[in-house]
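Both complexes below contain chain A, partnered by chain B and then by chain C.
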Partner chain A sequence: MSRTGNWLAAPVVLALIATCLVPMGVLFAYSFFQVDFVAINTDPTLKNYAKIIGSETYRSLIGRAFLSGAVVVAITAVIGYPVAWFVARRGGEWKSALLTLLLVPLYTGDMVRIFAWRVILGAEGVINRFAQWAGLITEPIQVLLFSPIASHLVLAYNFLPFMVMGLWLGYEALDDALVEAARDLGAPPVAVFRRVVLPMTLPGLIAGGMMVFVMVVGDYMTPQLLGGASGVTVISAINDLFGTAFDWPLGSAIACTLLALLGLFLAVAAYALSRMNLGRSLISGEA
Partner chain B sequence: MNDGPGRAPLLRARALHKTYGTTHAVQGVDFRLMPESYVTLLGPSGCGKTSILRMIGGFEDVSSGMLELEGQPLNKVPAARRPINTVFQSYALFPHLSVAENVAFGLAYRDLGREAQRARVEQALAVVRMQDFAARRPRQLSGGQQQRVALARAIVNEPRLLLLDEPLSALDRRMRKDMQIELKDLQRRLGVTFLHVTHDQEEAFALSDWIVVMNRGQVEQQGAPQDIYRRPRSAYVADFIGGSNVIPGRITARQGEEARIETALGPVVAAAEESLRAGDAAALCVRPEQFGQAAGSAFEAVVTHVVFAGSGWHVELRAGQQELAAQFTEPPETGAALRLGFDPARVWIARAGEAVA
Partner chain C sequence: MTHDMHRRRFLQAVLAGTAASALPLKALAAQPDLLWMVWENLAKDEYLAPFLARSGVTISKNFIGSDDEQFAKLRAGGDSSVDLITPGLDKVDYYMASGLVQEIDLAKIPNTAKIYDAFKNSPLGKADGKTYGLPFYWGINPLVYRKDLMDAEPDWSVFFEDSKYAGKLAMRDYALEAVMIAAMYLEIPRDQIFHLDDAQLAEVKKALIAQKKLLRTYWSSIGDLTNLFATGEVVAAYSWVPPYHELNARGLSMGIANPKQGTIGWADSLAIPKGVEGEKLEAVYALIDYLLGEDYGKMLAVGGPYAQSTSSARDMLSKEERETIFIEDMSVMDSFIWRSNPERYNDWVALWNEVKAS
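After this line comes the complex of A and B, so read on.
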């Protein structure tokens, strides 16, 4: 890299530092302060972190966020595998059209999608009205909306395209001859998937899963608007601490804790990926 | 050959068809595989030989016709339940598993204890002389070594029939010769029927008890290698198999084994394919080494190219409109006019037909 190149890259680096690292640094610094009535006491202390570790509420909120992430990753993986298979193996000349189509819901915006689901899941919604009309139920099913079922369903719907993208890449790297070889050697369909397709597409599953997981943990609009009583999440708690309680230091500490845990999670996933042959080839681009 | 009374074929294909959309890849193919034989499906790319192999392996549906294994219909049996294993062209070794795990893959679906499994894997690796590589990953092996592991992975399941899809095409020439000998040897020791797909006629001759020559989705000729080499039924087979000069002509008389053919090189009386009758279009087949500069020779030809070919000289000539290839021990002068001939007792008259594309 030439000297000129370094100078040309400098504005970008500066912009990144100013817009990304500095706010994070400020947030990180705040997590060691304390609120003193309405003023902020800048004597460094670890009390905020002690409070998080000692608080049943915050621990369970963080735990629930990670659990939600895992559940949505699982749901999107189960739905995503057949979709990714179809795009990769049956897409033919329509492959890029199918992939674009998959992304179309993302263009409509979160709120539109969330309210669309309210129309489908509500007590007067499409599902309940149809089930009543068909005589399957007499009373509308209330748990469809404003429940963990609703929020996880819609989270899965929102982030499914990211999982499909990852799995599709995995399928593109899978040689069909390996699947045929497994069948040839006597493996029934479930074993072909478990022993060949799953390990060979694992890098794609991990890549898609990481994206979905991080986005679910960070999402708070969906649980708040669809989750009902379960709508309180660690993100909404941070929002409340900054917005209404004016306890910026505690909010910062929770945010930093969450960030550290996510970072740890990503590091473990990246390590696992780098241990796999296919993962290495995906990361470094070597065949 | 091995079609004697009392021997039932291992596998039988009857009026086998394979259609992809509007493409007729296989058009009514019949053949039998006898037990413990080495059979080659030979033909250029696109002749339908791989489609046949994939239908027998269970990777493609049969469009119409029958496949029977030991008298039982095979069409509807899924690949996983056929007592048939395949050595794939690309080897298709599982990259995430070690050599031993690759070989053991199919044994998981049998009623075998852990110890018995390990013994079988060791034995199969020993057969292909790969026992020292059991812990390696496929990507750490050379092409020839991967080939051996693919063989071990197939034979460890003791299949009734082993399918080999162009198994030697990825190897260099030297390795290919060695592997040919090993394959033939392995087939004899195991007593398993091998069905080998190739476009290389030398490979087919080196390995086979029985050769099925394919052309455009149909069987052009099948038989023992010597029969096919000496008595190719059509100009296509003569050209593809022996690299024969195919000289078109017309039959003017037929008597017993022999016929008289009028060609650009003059009239010749020679052994002829049995269906040929007076008036039929036919082809005189003369292999390059059968031309000689003998006294009393039949025709004159002009040398157009001379190429050194190791064991001799490859010479291209022109006799009137007819181009010829010959093999000489001494190089002639380019442009020289030679008087050439051949022994009519050693040449052959085949049915006329298209040449190899």
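After this line comes the complex of A and C, so read on.
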């Protein structure tokens, strides 16, 4: 039985190696090369990595990507908790409908959502027009669009469903009796959340947070099209290096560095997850 | 269309097969199918119809999204099946240095006799007196502005000096042009623009960092910029020509400024990948001659609207049509700064990333 299983899995494994690992290997190899106009010099060197470590620009772009990831994880967590609670505890027979509804924005495509947000946030947009009409402001608020505020707001909107999914799983596994017991023993709501709900749903928070984080770090359209002049990301820098500058080696080295840091981050998160009961059951399917 | 082609090929094959031994049916022998890497707006079916009907050649198109993408594709080994490419004239260097293109035999393209002097005298696309990239069509990348929202025609200084338009300006997210414009603004002599030294690059960087505060955003697609003009988010931008035509047609009052510091001119070229030979090569030469000829030139001038690199169609156009594509007064070409390939382009890109990340 298990032998048959192995054979059946073989094509998938081969496909994964061919389409995922081999290109990554090529990328990794390129990161040790050098470029001279259009010629790739294949004598291995660590110069590209030295360049990244020595460059404030690339260091700060990578740092900024991780910071953005953390900010968006925090925003989606704050919004996601009540939403997930509502779906899990008040959803009733509508639960699956609510979860589907939550995913609807994802069906519309990146560009559509980005341009829709422009209509809402622009100087001539819905919010500014309304505020001007209501007499709240005389000049449009420029910072609503083409600013870090705009890009983080939309990133949070884009990836909120992934956080809610994680938290919803967390809530489903949370025994209400524990919450009730805490209340009966006189714990105020904040303490109930902090000492019972949060620790018990933490695996869901970490799982959702990991997904959101990785997607934010890798996103490039949203900051580029909504972030204004400061919307540059490490991904767009890699894109410039591969495309415009034909510096595939340096582009590869930055990509590999980013990947390694992300891998490290995920490893830590996965380790934390594996230390928790619900986490174990999420990962390995054991109860 | 493909259905038709298949049927025609099938018939050709059958006819050729049955008659092969007895009759040299040259006209019916399978004509080559050419694969052309090209911008979508240059290869509209109606533009190519006269050539296809005349030659019996078929053309498959592989549309490009950017020059860089075209080079990356060919460089990554995608050149084996491509018969004709359309690189920026300033980028032909890359293809030559990578050994991706072959020398063009001008004798096989009669219309090259009509190429404008500005291109004949330009070193772009050539090496050792041989031509590898043949100028195809050209235009300017101008400063476009909303006439209704600005008091006077701006020049490049509006992107570098504080004014009431600060926060309503846009610049393309592209190292080459961003640095060129800063250099023009800083009045660095034209012959030095593509050979900037460290001190000049530092000055450019300072200007571009100052510029960043004045911008609403950087734009990356022309559709995006058109949208920004239309909604009034942006009143002036370093632009391409299409938003000017498109928004004027929609009733907005758009202007093209003629900055005293100069305007960026560009040209795209036609180049033939190495390895194209025999019948296919002959067909490619015929196609190139058509693309530089009057039928195509007229359609491109009206439909594009863009000017081809030859004077083939010039006399067939009205004064307005000539003005639209900047060929009424040919001396205007002398004021353009043609996009070239900077010596230290990697430093330019690094600088541009530093500016954006600052």
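Note that in this section the second predicted complex is superposed on the first by the 282 of 287 C-alpha atoms of A that agree within 3 Å, B and C clash if a C-alpha of one lies under 4 Å from a C-alpha of the other, contacts with A are read in each partner's own complex, and residues count from 1 in each chain.
Here is the rule we go by: contacts are C-beta pairs under 8 Å (C-beta built on N, C-alpha and C of every residue); 3 or more make two chains touch, one makes a residue touch a chain.
Note that the structure is a prediction, hence the values are computed from the model and not measured.
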item: Fit or clash - chain C, chain B, common chain A; value: fit
item: First (chain B), second (chain C), both or neither touched by A:241; value: second
item: Contacts of A:107 with chain B and chain C, given as first, second, both or neither; value: neither
item: Chain A residues touched by each partner, larger count belonging to chain B or chain C; value: C
item: Touching partner for A:7 - first (chain B), second (chain C), both, neither; value: neither
item: Partner chain in contact with A:187 - chain B first, chain C second, else both or neither; value: first
item: Which superposed partner A:178 touches (first chain B, second chain C, both, neither); value: first
item: First (chain B), second (chain C), both or neither touched by A:196; value: first
item: Chain B versus chain C - smallest C-alpha distance in the overlay, whole Å; value: 44
item: Those residues of chain A which chain B touches in one complex and chain C touches in the other; value: none
item: Chain A to chain C touching residues, read off their complex; value: 35, 37-39, 57-58, 60-61, 64, 115, 118, 122-124, 142, 145-146, 224-225, 227-232, 236-237, 240-247
item: Chain A partner contacts - residues on chain B that touch it in the complex; value: 57-59, 78-81, 84-86, 88-90, 92-96, 105-106, 108-110, 137, 139, 153-154, 157
item: Residues of chain C defined as touching chain A within the complex; value: 66, 68-69, 71-72, 75, 94, 97-98, 167, 173-176, 212-213, 215-218, 220, 224, 227, 231-233, 345-346, 349-350, 352-354, 356-357
item: Touching residues (chain side chain A, partner chain B) in the complex; value: 175, 177-178, 180-188, 191, 195-196, 199-200, 276-278
